[in-house]
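Quick notes on the structure that follows.
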Amino acid sequence: MPLMTPEQYEESLRALKLEVYMFGKQVSNPVDDPIIRPSMKAVAKTYELAQRPEYEEIMTARSHLNGQQINRFTHIHQSTADLVKKSKMGRLLGQKTGCCFQRCVGMDALNALSIVTYNIDQEKNTTYHKRFCNYLKYVQENDLVCDGAMTDPKGDRSVPPHLQTDPDAFLHVVEENEKGIVVRGAKAHQTGAVNSHEIIVMPTIALKPEDKDYAVSFALPSDTPGIIYIMGRQSCDTRKLESGTVDLGNILYGGHEALVVFDDVTVPWERVFMFRENDFAGQLVEFFAAYHRQSYACKVGVGDVLIGASHLISEYNGTASASHIKDKLIEMTHLNETLYCGCIACATEGKPEPSGTYCVETLLANVHKQNVTRFPYEIARLAQDIAGGLMVTLPSEEDFKAPATQKWLEKYFQANAKVPTQDRVRVLRLIENLTLGTAAVGYLTESMHGAGSPQAQRVMIARRTNTDEKKNAAKKLCGIEK
Amino acid sequence: MPLMTPEQYEESLRALKLEVYMFGKQVSNPVDDPIIRPSMKAVAKTYELAQRPEYEEIMTARSHLNGQQINRFTHIHQSTADLVKKSKMGRLLGQKTGCCFQRCVGMDALNALSIVTYNIDQEKNTTYHKRFCNYLKYVQENDLVCDGAMTDPKGDRSVPPHLQTDPDAFLHVVEENEKGIVVRGAKAHQTGAVNSHEIIVMPTIALKPEDKDYAVSFALPSDTPGIIYIMGRQSCDTRKLESGTVDLGNILYGGHEALVVFDDVTVPWERVFMFRENDFAGQLVEFFAAYHRQSYACKVGVGDVLIGASHLISEYNGTASASHIKDKLIEMTHLNETLYCGCIACATEGKPEPSGTYCVETLLANVHKQNVTRFPYEIARLAQDIAGGLMVTLPSEEDFKAPATQKWLEKYFQANAKVPTQDRVRVLRLIENLTLGTAAVGYLTESMHGAGSPQAQRVMIARRTNTDEKKNAAKKLCGIEK
Amino acid sequence: MPLMTPEQYEESLRALKLEVYMFGKQVSNPVDDPIIRPSMKAVAKTYELAQRPEYEEIMTARSHLNGQQINRFTHIHQSTADLVKKSKMGRLLGQKTGCCFQRCVGMDALNALSIVTYNIDQEKNTTYHKRFCNYLKYVQENDLVCDGAMTDPKGDRSVPPHLQTDPDAFLHVVEENEKGIVVRGAKAHQTGAVNSHEIIVMPTIALKPEDKDYAVSFALPSDTPGIIYIMGRQSCDTRKLESGTVDLGNILYGGHEALVVFDDVTVPWERVFMFRENDFAGQLVEFFAAYHRQSYACKVGVGDVLIGASHLISEYNGTASASHIKDKLIEMTHLNETLYCGCIACATEGKPEPSGTYCVETLLANVHKQNVTRFPYEIARLAQDIAGGLMVTLPSEEDFKAPATQKWLEKYFQANAKVPTQDRVRVLRLIENLTLGTAAVGYLTESMHGAGSPQAQRVMIARRTNTDEKKNAAKKLCGIEK
Amino acid sequence: MPLMTPEQYEESLRALKLEVYMFGKQVSNPVDDPIIRPSMKAVAKTYELAQRPEYEEIMTARSHLNGQQINRFTHIHQSTADLVKKSKMGRLLGQKTGCCFQRCVGMDALNALSIVTYNIDQEKNTTYHKRFCNYLKYVQENDLVCDGAMTDPKGDRSVPPHLQTDPDAFLHVVEENEKGIVVRGAKAHQTGAVNSHEIIVMPTIALKPEDKDYAVSFALPSDTPGIIYIMGRQSCDTRKLESGTVDLGNILYGGHEALVVFDDVTVPWERVFMFRENDFAGQLVEFFAAYHRQSYACKVGVGDVLIGASHLISEYNGTASASHIKDKLIEMTHLNETLYCGCIACATEGKPEPSGTYCVETLLANVHKQNVTRFPYEIARLAQDIAGGLMVTLPSEEDFKAPATQKWLEKYFQANAKVPTQDRVRVLRLIENLTLGTAAVGYLTESMHGAGSPQAQRVMIARRTNTDEKKNAAKKLCGIEK
């Protein structure tokens, strides 16, 4: 039965022997670590919703390999309808978790590889696609979380991999033998890394022949010896270590990123999906990027939470009927739905690749992601406007409990008489969480840089624009002869 | 044969006996009037493209009434695919004409009526829908242009129709008899009015029982006695009367608007689609508005022309390789494609109404139109930035021809040596046309107010937002109990 | 000797017996509390710079009472030159501290009171101004920090003070006797409260006769019995409790806000500057608001720090020569200097009030503050763009020190080979601090709400616009007769 | 008597023998030409206001050469107060004319030359400054209008002057003799050229030794033989030839630009202010540019007119009390006053140059102009929003007069019953004029490109930013050792 329950997912993680470091110490049990656990719970939500009938259509799909019902996060898109559902699934989960649920990056890696392994085989008579399909079957049947690992540390940005002072600035093959290959390097900013069963590695840029050793893609169990995880810290992360929960804002879920080091790790051949195929590295990057830019559909769901919180705080503050508040709420919705249009349109306009996999329309996926680098910041600004200054001057949860201060805080932070002061505090903390705290990391900075920084999208927009068509349209209308 | 050629269309207009006024005089032959003719040519383009095999899929459809191939502008949408094609048709024609081609408003009126006449009949046991279908068949079989006429002059905006000092500030029924009804009033800003065979009148606001007489919808041949057209003037309109063509910018096409007065005009019963059904007036307005907000897909096509012209002028000016120029062109494309996402997404997310007609998703259609009230202005600003100041200081075409000045102008307005000065002038004039001239009326001001002014969309966005869902998502995450 | 050294200032604070609560406990020694101390150091900077000859002109002034050299923060503005220097002092200190230095609010309260006490006396033959001048002399001679306390908790925002369920939602007089008055209530969001020697209380809104008891202004030593301070918490506040300093970003300075409760506190008559003068409450609010909106000159200085950090990180990342990076840095500077123009212009256009005190031009001060509610957010967004995603995925300082992880972090977070990885980390942490951390509270949310939320400025802009002049100009040009 | 009356000014122009071409024909009498006359009237306003006591302080100054009262447009700035008054004069005249009044460019050329001629003399022991002062005296005593001519046609933008295919793409010296020099070339976009008594020519870019012949500055009477004027056309220009005035929008004033050709024109030595001093060309360009960027203070005045017109139309439409309309009017004012802050701040922060002339602060002047390339477009967009679609669909003035149509138009375009329909039409035409018509050329496109296109300001902003100071501030706060 390919659909795991959230409980089974949690147990499956416990079985892993990951080498994880955080705050200068090794973390023996990431699943129960208070900093990491909320991010695991967010991934678990992708399992939970897949069990619920009302979300079946969005959260599950039929495997094109064997027709079994699978979690959509392990599915290869077979139609534009699939692509549209992917966008809707992202929004849904963003709305349910209020943060990054970390599982889309693996889905995007699988789909990109399903296209590119096929394309390589067609041109080079290799067998990557077969290997990949076997691997995919394993992932689908076991309902696994895959970390799609692309971003190398990159060292000196003006220099290609083979000219770097430290050749490991980009991950590369250091040995090849009968069993497989040995790789060295690191992948940065890995979302949900320690909540994953598998890591799928891909190159991060187009590569020339001199960089052949860097043109490598493969998958490994996340607890393969030699893989080391160093957790990144987030704004307000240690509030999770405090006694209460109110100050967390989002008391249930979170995200995480890690640096993943590959300290001469062996990959068996059946897990190698691209080996020294530098002429296909760029293609893999572009397909993954296009899919992953679509994936920022999730921020629409997080935006729903922030808009909902802003509606609530306006009611709790007693300002909901002010025309300027209403107008700001409309503007937030307008921007959020404009984002929604982007992730729907790039899906609708998708097309099948030779492998049969449907890919989003690349120009529109880039346009969508470009807007994601802008609108959440403005939505967050408006949320702070509506929230009021109390959002950043609220005393701690402990002050709300301590006898010496409780009475004053309850008395003076009462606004709308029908609303308990505690509820007002909770919503303010949620808005803080989304605009300054742990969730701001995902809603703002990750919206900026995830799936490529803004300039990467602009380069693609320029490349995918049909400039000649536009110039010819203009020439015709003003009477310029060709 | 339901598809007319452009030539047949032009002839069919000549056969009409319209009462048209412009510049203080009656226009006996609008088809050949130099001010009006370019707008007729733009409508003719909707006939021309429907004849061309490469556009058949987008420009034509099969009538759901009889399966015949018809121009899509007379089609009732039978699927989301139809709605998507409608958006693509709008972009295509915007790109081909660089202006408003005027025919979508009738299509939107027909589709809105197909829904609402059905709904009234369902509730009230009337026969509006049958009447409407007969009329639709006539329109489809004769491939007619319909003007969808909604906007009343409105007089004092703080007062409903029946309380206006002048009861004619909104169009209304003044008499009812066996043959039909007699109506009085006017419709303002009627796009393409004198290029139309038919006028379909609808109320402009939701109406209360006191305003029953204003709740009327019907269709009339455009040359019905008592209908009077007074043409609006546009920025730079009289350049069409000058000897040359270069200064027009768009040397082929244009648009027009007119005030249409109904001076006690009789409508036969078979042409009456809503009669004193005030409780359905609001519904008709909303369906029409949603469709028509989608129709601003056309501005994406006009944006293509302006982006193309900006690419050209950067080449002709010799600035195409400057990084800030490239970046501005990317920004223009980004904004334009964001608009495209909107008109695609509201179509994709469309749903069938009880009559079977598919309607766009209303929230997204309003979001789309709201962006149309903003982005074309920024695209135009960037186009002016790229164009350079010469766009507004160029001497007239006659100076480029006169011996005393020609040599100086040719000499001093040469930039890129490979580009004739005349071509540079032509593109500059096109950008002037689109950002300040006759086409700016359509690309900017009509983008602002057509299909409802920005605030109308904001009201709808507020109304169509699922606020409770968002508030509940926020509550759950921060721990507020219901 | 009116100019205290920073050391003397620190000692003077130690002498205070404040009742302060934080994280559920009473803080016996705020000066050395690790959370509070950085904010004290920021205030101390206002003393330090006043000692340095190169800043003498900006940081000090001559008292108009006795000609002695005083810290400008205790000065009553005697000219537009003084107002301009105030703006420059704000930018200077913002640049030196990278945060809120907390001392302007007292200066603004003193200046507003110097005007309004005079105006009341003129109309009512009272002696408030003399009392105020005596108090001012005391402040100047002892070089004190005053907290200007205006914002009441406000309870139900739709109801005036006397109709609130809890009459203490606004601070008010509860008793009047020979020695003075007794007051009850609270002031929220009090910047730098526990770093202050004095608290100057003012009403927060215009008041009607029914609200006479709320129309009260006075000054008290900050450790007057009955005054209770409850500290607000900030994003990332507890990083100050960690062992290292790097993760602080700003390793030197910070800000703080507190709720200040007045639990039936007695004010002697000589410290009362307004007593039940409801008809002057609005005036006091407006003068204070105008001054305090100018004070957001400080954010230009904080912006300088963020722009400097962004320049640095672009060099450390190796992206400084990319044209899009350069362009973003220009945009940040452009926005920041536009803010600077606002705080200079409202000072230059200032005018003397009857008391002789110069006040800023109110319309422009509001326009300035309105921009402060917008541009820092965009500057912060661009800083995050330039910084790269590493800003939010960096492991903790402890990981950089721990043997198991140090080598990997040093190896893989090296970019520009000439820059130590640690320096790159430090700048990233500073940008995190300013855009998500403790300083974001001041640079963003306080920019939004401090000195009045955006809508408050818009109301004032509407009120201070000479609409008639503009309408008449338009009428004349288009030929409308009066 | 240095102050001419407007009547004297008009007569003085009649005395000139200019060679002017427009619409392919020579214009024998520009003063009375209906297209040109409104622009002459706008310049005349600078004479009229200088006669009125209430504007004496702003419009006039005392010559630093002889203490006589002179028109400020001929004044050399002697203080920051002078610079501030210059900004106020610009706003005042923009408000009074609603268009470009054309006289600031000459003032800016005079001031720039007063600095640079002095600087050259100091370094090279030349006598340019004396010549210049003699010339200045003549200008001041005769109260002349000078056209400051900088912008060359520029040909191929990637190539310096001496490498152009056509060496005349930049104006240059072709002969030198005892009497003076002979120059050849052209200046484009010359604002108010045919309303000027004098033309002051300056180079348009920094120049290298190879381009010495292009490093030339001089002044000539505008009717010197060999100078040829070819008028540029504007959007809606020919409405000035129609019988009525309403459709003009601005029924009184306008602007104009011309291409000015120098067909081997002789300049006597006493009129030569820079001759082959290529190392000072860049300096002259920068000083002129800084002054002229300040001069865009005028757009604040034009903005006042557009804001006034928008207030009026909201009243005439009956929408003035809608909260979104009020908010848009506030936003327009906010943006306009932000512009005002810029032109005031760069003046206030001005400093004296060695010659004694005060120059604006360059960084802020560039920041100001950069905002001018943005905000008027947004103000115009909001004006069109408030105006309503009728602005672009109004029939012509003749239709409002013709018996067949007048009754319908009067009836159906009545809104607010207290306002004559004609007044509503007039304001709509004024908004059309400012946002699409002749005045849009000045308010929008000229705001974009006048005094240098946006990118020119960005280059200067980058150059004038104290980046090191900012980087050091950041380093200190995050603990990076130098």
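Here are some notes:
A, B, C and D are the chain letters, set down in written order, and residue numbers restart from 1 in every chain.
One rule holds for everything that comes next: contacts are C-beta pairs under 8 Å (C-beta built on N, C-alpha and C of every residue); 3 or more make two chains touch, one makes a residue touch a chain.
Just so it is clear, the model here is predicted, and its values are computed rather than measured.
Of the two chain pairs examined here, C-D and A-D, the one linked by more C-beta pairs in contact is C-D.
Relative to the C-alpha centre of chain D, the farthest chain centre belongs to A. Separation between the centroids of chain A and chain D, computed from CA atoms only, is 52 Å. Inter-chain spacing, taken between the CA centroids of chain B and chain D, is 38 Å.
Look at where the CA atoms of chain C average out and do the same for chain D: the two points lie 40 Å apart. Residues of chain A found to touch two or more other chains are 324, 327, 458. Contact residues of chain C toward chain D in the complex are 84, 95-98, 245-246, 249-253, 304-309, 311-312, 326-327, 329-330, 333-334, 337-338, 340-342, 344-346, 348-349, 363-364, 367-368, 370-371, 423, 426-427, 429-430, 458, 461-462, 465, 467, 469-480. For chain A in complex with chain D, the touching residues are 323-324, 327.
Across the complex, chain C meets chain A through its residues 21-26, 151, 153-158, 165-166, 168-169, 186, 188-189, 228, 230-236, 238-239, 247, 257-259, 261, 317-319, 322, 324, 373-374, 377-378, 381, 384-385, 388-396, 398-399, 401-402, 404-405, 408-409, 411-417, 432, 436-437, 440-441, 444-446, 448-450, 453-455, 458.
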